[in-house]
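Take this structure, written in structure tokens, and hold onto it; I'll ask about it next.
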Amino acid sequence: QTAPIRVGVVTPLSGTYAGIGQQVKWGLDLAAAQINAAGGVMGRKLELVYEDEEANPAVATQKAEKLFQVGKVDFLTGTVNSGSTLAVGQVAERNNRLIATTVSFADSITADKCSPNVFRVNARAGMQSAALADWMASTQKNANVFYLGPDYEMGRSTVAAFKAAAEGKGAKTAGEVFAPLDNKDYSPYFGQIRGARPTVIYTSVAGNDTVRLFTQMAEFGVNRNVQVLGASGTVTSQNLAAIGKAADGFVTGVGYSPSIDSAENRKFVADFEAANKSKPDLYGADSYGVLFFYKAAVEKAKSTDTDKVREAMRGLQWATPQGTKTMRAGDHQAMQDMYAVKVEGGQFQIVGKVAAAAAIGPDACSRF
Amino acid sequence: MLDWLQFVLAPQVVNGLSIGVAVVLMALGLTIIFGLLDVINMAHGEFYAIGAYAALALIGMGLPFWWALALTPLLMAALGYATERALIQRVFNSKDRHTLTLLLTFGIAIILEDILKIVFGANPMRIEQPISGATEMFGLFFPNYRLFLMAVGAAVIAVVWAVVFRTRLGAMVRAAAYDRHMAASLGVPVSVVYAGTFAFGVALAGLSGVLLAPIYSVFPTMGRDFVLIAFSVVIIGGMGSIKGAVIAGLLLTQVQSISSLYTSPVWSDPLLFGIMVLVLMWRPHGLFGRLGHG
Amino acid sequence: MVEALTIGRATAPSAGTRRSAVRALSYAFFAMALLFAAVAATLGDVFFFRLATEALIFGGLALSVDLLLGRTGLLPLGQALFFGFGAYVSALTLKHLAPSLPLALALVLVSGTLVGLVGGLIAIRAKGVYFALISFGLAQVVSKIVFNTRELGASDGLIGVPAPVVGLGVASLDTAHAPSFFLLVLAGMALLLALLMRLMDTPFGRTLDAIRTNEQRLAFLGFDPWRYKLAAFVLAADIAALSGALYPMLRGFVSPELMFFQVSGNAVINVIVGGTGSFVGALYGSALLTALKSVVGSFTAHHAIAIGALFVVSVIFFPKGLIGYLAPALERRWSRR
Amino acid sequence: MLELRDVHTHYGLSHVLQGVSLRVEPGEVVGLFGRNGVGKTTVMKTIAGWVAPSRGAVLLEGQPIGGLPPERICRRGIGFVPEDRRIFPGLTVQENLVLGFMQSPGRSRAEDRRSLDAIYSRFPRLGERRGQMGTTLSGGEQQMLAMARVLVGAPRLLLIDEPTEGLAPKIVDEIFTLMEGLRRDGIPILLVEQNMHRAIGLVQRFYVLERGAIVLEGDGGNTAHREALVRQLAV
Amino acid sequence: MNDATLPILQVRDLTVRFGSLVAVNGVGFDAQRGQITAVIGPNGAGKSSLFNLISGAIRPSAGRVTFEGRDLTGASPERMLAAGLSRSFQITNLFFELPVRENLRLAAQFVEGGRGLLRHVSASRAAQRRVDELIERFALHARADDLAGFLSHGEQRRLEIAVALAARPRLLLLDEPTQGMSHADTQDTAALIRSLVDDGLSILLVEHDVDLVMDLSDHVVVMHQGAKLAEGRPEAVRADPAVQAAYFGEVQEPAHA
């Protein structure tokens, strides 16, 4: 067989998450080019087929179905919002194909809503909190944390996860507030934050909201003498430039940082920058890695047959820019080392690390 | 108690005020275009975004912020004029003007947003604040740029009001909006008036875009939800009423700002909407009716 | 007032020919749908069946928009609220009560009527643009609440909705079987369309037309326009909710995005492109745009420009929509013969 | 001054004016009579530029004006008072009047002021209500406003469509007195009026329109012509 | 209730203010059954406002409206119509985008008494008959299938009356029915109004055509600046010097604020 192996990518190329979709595409394109240049997968080339899901699960399912049925793809990846990942997972089950997400970090995807046809190669929310809480406990005695999240389910559950991890390590809670998603002006909340006199502010706002939040915190001096922490999506290479100096000192827990000091990563970052004139972020890196995951599984199974590949994927270890990852068989969640990274002078620097086994948490999937 | 007034309530009120001015500027453009042309400009938010991007581009070319502030409204007016002449004018005389122009500007909005994404990318950008520092007043900490924003906003509002209600130009525009044939027969150059009015509204949106770019970030969909608040303000104030937009804009942002002290912001939208419904039940045309039509 | 009417027709077409032209175009729609089904079934396709079913389901939503926009003269910018509501009620019923289509539809009808009534009482008071924006706000608020309610799956939505089997006397129909479900939905839409077209020939329906043209005068003819508008609003809510009820059977999940403005906006676009006031135009529009999006979306990430441009062009050059041009053309052919 | 030569006008497909030819000489008041729906208003609209003639010529002082946009025709000095008055609803009485100044741009503020004062002394009722919204005026008040609005622009030719429709006898008198004054001032008028008995005393010449064509032309002062007119319209 | 001697309409102290303007100021009069009562007065006297009050278009600030002995003050237009009172408008107010026949059918639907709301329109026999009658009576055959908006002004005025009449009211309010009609059509309309009265209808009429008013009406109410100036038989009213001063204009109008 020499026909190419077709991999479907359903990702938001327009809409709210277009920026993330861009990183996904860059990572995948780079990986496919490298794999094909090195002879492909079992002698077959990888061919990526893109569909825009507009960050809307209803569109995502339609597009996924199209790729499975009309596009005849063997494997599918790229979904960003967890709603899309969950819905597309169902389509995969119905079509007896496999998918992997490289971005969605809602715990449920590999816990209570796990699916035999869905894998996750990126770190989930719980892992990120674990790494960050660990770093906070080691640097701040008696941390008094104020929580500020975007007011929707994901923002709230991210705050809740970190709060649990932080309180588990002895931190106190100074207060919490949830601002609407796409909030324009955070100054109305600053009164509350000042009044609570926190030593740490943890936030789970993301994307464009972060730019405003940080700019305004600096404008009002809210972040003076306070350590600002946040979720992995809070400050990324997409919004870092726009935030500028206001981001300095920010720390988050992630599964990837361009500053990871290894030969593999240095090469990856260099290749990525050469191809895309932009640094990779965690989404780009995990999307890059997913094709090597698939490649390893297919080569192990010596087939693209769904059942055989699934078996091969379970427990599979494969190399990624951030080091070797292991796919846990019980819930299809990848295990990996987690990092605490800090923004300094517009660059992410690694300031702490938690081993994979300590970060991953229990297997809560009971479907398989 | 005094502490609470000074350190909790007072900053909240003043911050609310600066947001209020921003919202009023947006609402003003909307309400003028609606009140005078009977057009619901669904692309208003995109014009606001284009204003911010235009300033960004001008600054990128090496111009100082103040030049960008002055030039952007002019560029936006030209864009608005062209849009009206090329597109909106074509459906303006249909009897379904309301619906058709709403849908048309909706289509324009989709296109503009995507063009911004192609040209500038989806990632957020920002303009540095041209005025830095903060003023301490009565123990309150207040960024200077916001003070400037409020002053400019107030001046623009005053000028707009005077033009619409105190000049023959304003009367001409309102007449042309209601009855193009009769107005034309009195010598009003209706096509020019329509396009000019639209251009004026668009220029206002662009101006808000530049003014707000230094505090809010700049990205292609930046106008989308901002325009929602502006719409509620316009409805509550009465579509087409300038006075209504100003009063409702300031009032609503205060309600939001103060209520955020006590309630979860999940309730901020339902609260806003609840107020809107209550106002409309009490006064079906908003607080201050409308100015263009009977 | 009078001036505005001149464009296009010199004399009113006799109501009879206009309506039979629309009727012919309705038959044509369903004939083409059956033809499509025959071809797709021979090819053993599933994807296009599902896509077409989705077009029909959103066509149902467009029908409800047309009832308000094209007949009653109210522009609803938040009709997705009822569509999404129907979808959620149906999903919860199928998932937690029983996988039964009649049960789901019945519950959706009952609760849809109630919600429509509440929404109507809020929105109907407002007129014109105010109505449009109130309906928009209503949907905005409710979708945000759903988006934030953990019990409803919040932003993730609900997955794992089972596809029910419908007993049809001797035979039974599995909604998971794409061709069968397509035919079922097609039949449902045909029924709905027939009912709506018939409704417009009753005094009730004609009164809605009168409301569109001159609501204020109607009061002096002994009608209370408010009641008729409320009834139309509730009816439209039911139609939207019932259409929405079919969605989870097709895709197996629901998510808050179903209530977002995108969906409401698309429904209005479908109606405009298809032609307002004719009902079948809503179905044509939905089929056309679904097909178009599916094709254009694969070519470029900037399909939004294509859709926006289509929109601008159709509003400017074809404000009467497909049916608005096809029906008169057909009439002219008939009258020439 | 004004001449229509074989003018045809359509509304969509319906052929309303089917070859109308008429003249208004300088200083002349010309009546245009006819039953409902024969096309009198359409003649006025065609001259004023609200609808374009599909065939034939409309000439003002020998220059073709047919098909020009209304604002250009107005600038040439043709003032139009339409039959349904068309008061701008969101504008006050004064604002409605001030708009009339647009007809003659380039006048000084002082001249505008004077003509406004003159109008208010001619229509004191309008002066009393100058700050009121135009459409809250009664029907008669609105008619006065519509006339006044055109007069402030000092037109060289007036098109007046059914000015006394719905007016009290006293106001009808006033309107006719006003039009007589205009005639004395030498302003040419093309007048459509149902109140034929009053109008016949005012007009120097008249035309009768029937189904989109002129069927009778006569002299206002000629008794035989007047009788013909009454006969024509009574049948 | 249908006592033939009782006035069909009694208006007492009716008042409405628009801001500072008192458009109708304490007006009271009776309209007798089977008669034509005319309301005349200078432009802006408040006649249309009075009609708006009686027909339920606006609510009075004070006063009472009694129709056939029932107090209907401030009732909605549809209740007024249900009670048997219908009106036409001074400014033509039709369903311009619907055919003439449909305008009439809508108006006639009321005679079905709310039955068969969901049956096919052709099932409304009584309404259909009423429409045919009206088309016949108002000579609208030629235009029956045209949109109302395409009719000439005069034709629209005729349709306006027909629409007001369709519901078979017992009292008909006509606001300047002959406005904009040619002389011949005005004569036809006068004859028509007379025939309506012969059929037992009572009419309240606003008209500026004085000859028509004098010729038709049994009773005349004169309004001036919102208030009732005089009332009585046509000849008596015409002879009243106050009325002459205010309305007919033989005498100069006294200056007022």
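Letters are used for the chains, namely A, B, C, D and E, taken in the order the chains are written, and counting of residues starts over at 1 for each.
Going forward, a contact is a pair of C-beta atoms (placed from the backbone, for glycine too) under 8 Å apart; a residue touches a chain by one contact, two chains touch by 3 or more.
Model, not experiment: these values are computed from the prediction.
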| item | value |
| --- | --- |
| Pair exhibiting more inter-chain C-beta contacts, B-D or A-B | A-B |
| Of all other chains, the one whose Cα centre sits farthest from chain E | A |
| Centroid-based (C-alpha) most distant chain relative to chain D | A |
| Gap in Å, rounded to a whole number, between the CA centres of chain C and chain A | 38 |
| Chain centre separation (chain D, chain E; CA means) in Å | 29 |
| Mean-CA-position distance for chain E and chain A (Å) | 75 |
| Where chain C touches two or more other chains, by residue | 3, 5, 7, 11, 148, 302, 304 |
| In chain E, residues with contacts to at least two other chains | 150 |
| Residue numbers of chain D (touch at least two other chains) | 11, 14, 50 |
| Chain A-touching residues of chain B, taken from the complex the two chains share | 7-8, 11-12, 15-16, 18-19, 22, 114, 117, 122-126, 129, 134, 141, 143, 145, 215-219, 221-222, 225-226, 229, 256-257, 260-261, 264-266, 268-269 |
| Residue numbers on chain C that touch chain E, as the complex places them | 1-2, 5, 11-12, 14-15, 198-199, 201-204, 206-207, 209-210, 212-214, 216-224 |
| Partner chain C, residues of chain B touching it in the complex | 34, 40, 87, 90-91, 93-96, 98-100, 102-104, 106-111, 113-115, 117-118, 181, 228, 231-232, 235, 239, 266, 269-270, 273, 276-277, 280-281, 284-286 |
| Complex interface listing, chain A residues touching chain C | 13-14, 18, 50-52, 56-58, 61-63, 65-66, 68-70, 81-83, 86-87, 89-91, 94, 106, 108, 113, 151-154 |
| Chain C residues touching chain A - in the complex, by the definition given at the top | 45-48, 50-51, 54, 147-148, 150, 154-157, 159-160, 251-253, 255-258, 260, 262, 294, 297-298, 301-304 |
